[in-house]
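Shown next, in structure tokens, is the structure this report addresses.
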């Protein structure tokens, strides 16, 4: 699956996009976040507090229980500040 | 004093402006209206129902108790419908 | 700024100078009112706006002053036309510029609500059945009543 | 209509075609957001708007659809810029055309309120002390929360 990062999440992780292949047990957003935290110190820090980070699966805002599957586009970013 | 009429008040009275010299006893808007009603059938009809007519004295909206004096500009018109 | 005129106006040109170069402004809210081809009373082929020269300018100035007293507004523009207009033509433009969007929205809505019930304009509609004076609408009175006189934010 | 672009836009030109020739339209409400030279965090010398290409367009389309479901809107225009902007520059334009002014005002305010909390844009401000990501504001969440999901007028 493709994982995208935006704004300060992107800066802390150090990349805007990565292809990842988590184990089959990673079936929802919450377990994906737990798995991503182990990839680097930047991941651990950026994704440490899920209250500060929003998630989209296939370009739609979702909660931590939302399923994820290979082929999905998952994005992590701070609360929006446009307009 | 100068009396102005607008919209359907103007049409019913048949003029947009007249100079009038009411007796000294005519000291407020209410008594002026009562006096104007005697000038013509058009006046009587246009000013018959004060709930349907607004009044301005010297270009400021006022109520029936507002004083009027010679030299004043008094206007009668329906509720506003601009914008 | 207040303008009363017979001729049409170009909202783009008018808005370009609103609060120009004032870096405090974060939002501009604009309302433009147009002649519809149909009203509560039926089809409308034309509309004539009568007004009270002298009082109109004064009343619009009072309404602008009231808005400025209630909200932190950086700039205001009110343009109102009079004379005979056809469906689709612009009647009125009200615009407010403020540091904050809520103040811009509230002040703009206040201005058009008060203008509709306080500025001395009267509309006469023409239709297939002849001409008729537009009746004041209870909804407009209700809209204006939202902004009570004693509601100043100061 | 929704447009996402780096370059500036001319509100006058954009609004000219909004609901053009639709004689049902009685009111057009427009909000334009500008870069201020000062924010809650201090002086601002420039601002960069990052966004999520693909999701941004989808989210703006969802927000437009929601507004059309809630109010009798004849036309909608949303233009949002991204990239680096200087104080005084336009960021966003939201405009709504409706038969009635209250619907135009409400829908316009709804669109900007939802856009601020739902469209994937992030602002990075530059100032004398360096650059910082703008924090989401509780006021914007409160403004968006006025329009509850289950509040559809239909």
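Lettered A, B, C and D in written order, each chain numbered from 1.
Everything below uses one rule, namely that a residue touches a chain if its C-beta (ideal position, glycine included) is under 8 Å from a C-beta of that chain, and two chains touch if they have at least 3 such contacts.
Values in this document were obtained by computation on a predicted structure and should not be read as measured data.
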Number of steps on the shortest touching-chain route linking chain A and chain C: 2
Touching chain B and also chain C, the following chains: none
Inter-centroid spacing, chain B versus chain A (mean Cα positions, whole Å): 73
Distance from chain D to chain A - Cα centre to Cα centre, in angstrom: 26
Mean-CA-position distance for chain D and chain B (Å): 48
Centre-of-Cα separation between chain D and chain C, whole angstrom: 23
Residues of chain A engaged with two or more neighbouring chains: none
Of all residues in chain D, the ones touching two or more other chains: 33, 112
Touching chain combinations (by label order): A-D, B-C, C-D
Residues of chain D touching chain A in the complex: 33, 49-52, 54-55, 58-59, 80, 91-92, 112, 115-124, 133-137, 140
Chain C residues within the chain D interface of the complex: 10-13, 15-16, 21, 23-34, 36-38, 87-88, 99, 101-102, 104-105, 108-109, 112, 139, 143
Chain B residues within the chain C interface of the complex: 4, 6-8, 56, 59-61, 75, 77-83
